[in-house]
Amino acid sequence: MNVSGWILALGQTALLILLAPLLSGWIKWVKCKFQNRRGPIPWQPYRDLAKLFRKEVVMAQQASPLFRATPYLVFSVTVLASSIVPAFAVGLPTAVIADVIVMVGFFALARFFLCLAGMDLGTAFGGMGASREVTISSLTEPAMLLSIFTLAMTFTSTNLDAMVLHTLTQPFQIYPSFIFAGMSLLLVGVAECGRIPIDNPATHLELTMIHEAMILEYSGRHLALLEWASMLKMLIFGVLICNLFLPWGTALHLEPTAIAVGLLTLGIKLMGIGFVLAASESVLAKMRLFRTPELLSLAFIIALLGMLGHVILEVH
Amino acid sequence: MNFTVLTLAEQIILTLAALMLFTSFLLLAQTRLLTLIHIFALQGALLFATTLVIAFTYGRHHLLISAALTLGLKVFFIPIQMQKLVTRLDIKREVEVVGNPSLIMFGAAALVLFSYYAVLPIRELSMLATRNTIAVSLAIVLLGMLLIISRRKAVVQVVGFMCMENGLMFAAVAATQGMPMVVEMGVALDVLVAAILFGIFFFQIRTEFGTLDVDKLNLLKEVD
Amino acid sequence: MNALYLTLLLPLTGAVVLAFCGHKRIAGRLNLLFCIATFITSLRLAADVFFHGSILTPQNFFYVDAFNVYLVLLNSFVGMTTAIFSSPYMAHEQSIGKVKAGGMRLYHSMYQGFLFTMLLALLTNNLGILWVAVEGATLATVLLVSLYRTPKSIEAGWKYFLLCGVGIAQALFGTTLIYFAAVQIMPDNNQALMWSVLYEHASELEPTVLLLAFVFLIVGYGTKIGLVPLHNWLPDAHSEGPTPMSAILSGLLLNIALYAVVRFKMLIDPALGSNIAGHIMMAFGLLSFLVAGLLLHRQRDIKRMFSYSSIEHMGLITFAFGIGGPLATFGALLHMIVHSLTKSAIFITVGHAAQVCQTQSIDKIRGLIKTQPEIGWGLLIGTIAIAGLPPFGVFTSEFLLFSATIKSFPWLVISLLFGLSVAFAGLFRHVQPMVFGECPTGQVKVKANMWPVAVHLCIILWLGIAVPDVLAGWIDQATIMITGKGVL
């Protein structure tokens, strides 16, 4: 039994969980700077979470056990997902279950319960949010899987760890299909994490909100867990996109220096992706809900192009 | 042969091929005229880049002239003239209604697949690593045709026509490392004259029909 | 050799000169003068080839053999006779204000430019230049189709431009594929598009690439030939442009595109070792032949009607080249000549008829034989000739084609006969009242020069009664080049 490996794996999971609010705070901070506002400090999300945890939970009388269980379920599933992402090192013991389809499955599971909980109380907003969430996810999932399959075809594996390892150990290659897979995954990530232009996390305007509508009835620690889970989800997507397409810097061996380099580069990459996201959110406006299928079908087309590009250009 | 044995230049060419295909898709998805023209110029720039890479990598210096022609014609002259024309005819704010955008996109993807299967037997022949680009160039040609038949604005149809030309030039450059010089010059001359004639036609159509909507061009029928 | 360069240079000079003085009164004569000079040099060129065999210029740039030189001669001859007609016709159009001075300049300059591109397409040995020249022929004529600036003519011009442009782009892709196949086996890239060089290496070229290339080529050049279903531009362009343009478009341009297809077929057949290219051509040809024959019936515009007849005949020729035996090829080559001559004669007559009645509508053209007998007779005899009745040359060539079909594909003759009778009925149903019907008031005689028509029809009659030995030997030489065997 590889004890140090397991410790590292646990450490990575803990680190991701703890870092998640910081990424949200960082994005918000950069966005405020772009818009010439003062904005909250980057670690403001920690304070918000702490405040929510201290608050009393208010729940509707009709709430079923499902409603009560969902926050814990969603949070733990997301934590599980975070444990299998290769973040700063490859070759951790969790690598054997780090399958990309498992990952998609985790997210689908979390979403399923979230939607059920949204509908549980029978309020108008919860049901509306759930229906929108499902609509969008039905559009994102094919694009996500298609771009992942493009990667899997190149690496001949669906294991995330193997994918990262492959890129790190092979000589440098430009894969045309990766450009498309990357673009598609970015669009999908934006939609999955409920960011502009699909959803706006900063508003509670009833006509437009999606994610916020589902969790409108939650309060106190339940709300804190759900918020935390969604921050963690965004972090996971960020880490995935960084490490699949630009894995350089990730530790190949479990040595202190390599891990330190891995941590440092991961931090820089995440700051970079947060910066890009903030910049794009400052430039773009939120789309009308009825036009989101256009954007997501574009994501699908790009993913399809990636796959076609792989078949046409890269298979000899 | 494995993808990993390709040289960097060949990888760049293949990537440029994929990007050219992508710009064709963007052209199909775009509904604003000015943006459409800009994307067309971008595609020209990609073609120019491909020609340059091939000219230097394989030492085909006559391709430099071809590259210069592409740069002059497809990146600057034609897009700039079109932009001027669109501004002069005051149609730059017009947004075109396309049929069902998703359907057209999937049709386009199907065309890419079709061109892949059409040229599949050829791929076995050539020793060039860039032979795969034939499928891409055929796809670009077919997507140009799709752009022509799916749109109603005469300007967009011309962009589609020029997009087809881009695909043809790309085939000549990437798959065969350039046609003989005299042919390339002749083709460039034809493109130039065609571009000028298209401009003349815009004005004639605009004067007689009061619009650049080719739906209005329906006076002549096969049978009465 | 000098005759070759002169044949190309004369129309080119003509295009430049007439670009400056095409609006003057003398322009029509000048145009004719250039055409006559081109005809004389091409006669000289033909004599050279006839007595000394094929000519290949240094660096293989031009190549003249029995096959293309007879088309060169036909080209310059029809160009010349149409120029005779064009001079008074265009003067009349200008006098009634349909064309302005600038338009006349464009017309005359592009008339020569068009002849130049067609001759270049015929004479060049480089398949890429062949493409450039055919595309150039489109570009030269596209503004002439919209010369009258009416909504209909602009629509026709736009359709012509876009459809032919898109079509011909496919041909360039096919040419690129041929080049791709050629560079695999040839060290010198600059020679890899030379037809004469490719022909020597034809059997080494990769068959799969060639077949794919041929599909693109037949779609590309087939658009230009006007093969169904790629024909939509053709009736529009023919009916809306000035009549001399219709005459040379129908009589010459279609031939050039077909010439290109046949040249490519000659390259592809040895490599494939089967007649699959021919089968593709037969399918396109037969479809065009039948569809155009049926569509003839429903036309209301006289020029449109005869342009459908052109599609029909081009379909028949394509079909015949597709069959591929010596007899069919001989018939097809002969049919190219007789169709060109007859169709340009008909268009010339139709142009005058339209001027007499001031309309192109079939319903309003009546009683030509009373108003201006020579036009009436011209139209009647021309129609008899084009419908394939003896004793005219079209009958001879169609007879040859039918015999060849009976030999190779007996069951297809039924559809050919059906198409022929449908087209015959369609033509005469419309032409009979136009010639003999009740003459409406308001028709005026026009100044018509019927000499070109008379000359063309006499030649057709001559070819119908007896094909002269010189011509037969000549066509036989071309047949041997294309199929390997002669008829005589």
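Order of writing sets the chain letters: A, B and C. Residues in each chain are counted from 1.
Definition applied: a residue touches a chain if its C-beta (ideal position, glycine included) is under 8 Å from a C-beta of that chain, and two chains touch if they have at least 3 such contacts.
Please read all numbers here as calculations on a predicted model, not as lab measurements.
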>> On a CA-centroid basis, which chain has its centre farthest from chain A's?
In response: C
> Which chain is the middle one, judged by CA centres?
Replying inline: B
> Highest contact-pair count belongs to which two chains?
Replying inline: B-C
> Measuring from the mean C-alpha position of chain A to the mean C-alpha position of chain C, what distance in angstrom results?
Replying inline: 66
> Once you find the CA centre of chain B and the CA centre of chain C, what distance in Å lies between them?
Replying inline: 31
> Distance-wise, how many Å sit between the C-alpha centres of chain A and chain B, to the nearest whole number?
Replying inline: 37
> What residues of chain C sit close enough to touch chain B in their complex?
Replying inline: 126, 128-129, 131-132, 135-136, 139, 142-143, 146, 149-152, 154-159, 161-162, 165-166, 169-170, 172-173, 176-177, 179-181, 183-184, 189-190, 192-193, 206, 208-209, 212, 232, 235-236, 239-240, 295, 298-300
>> Under the stated contact criterion, what part of chain B meets chain A in this complex?
In response: 1-4, 8, 11-12, 14-15, 17-19, 21-22, 25, 29, 101-102, 105-106, 108-109, 112-113, 116, 132-133, 135-136
> What residues of chain A sit close enough to touch chain B in their complex?
Replying inline: 170-171, 173-177, 179-180, 293-294, 297-298, 301-302, 304-305, 308-309, 311-316
> Across the complex, what residues on chain B touch chain C?
Replying inline: 118-119, 121-122, 125-126, 134, 137-138, 141, 144-145, 148, 154, 157, 161, 164-165, 167-168, 171-172, 175-183, 186-187, 189-190, 193-194, 197-198, 200-201, 204-205, 208-209, 214, 217-220, 222-224
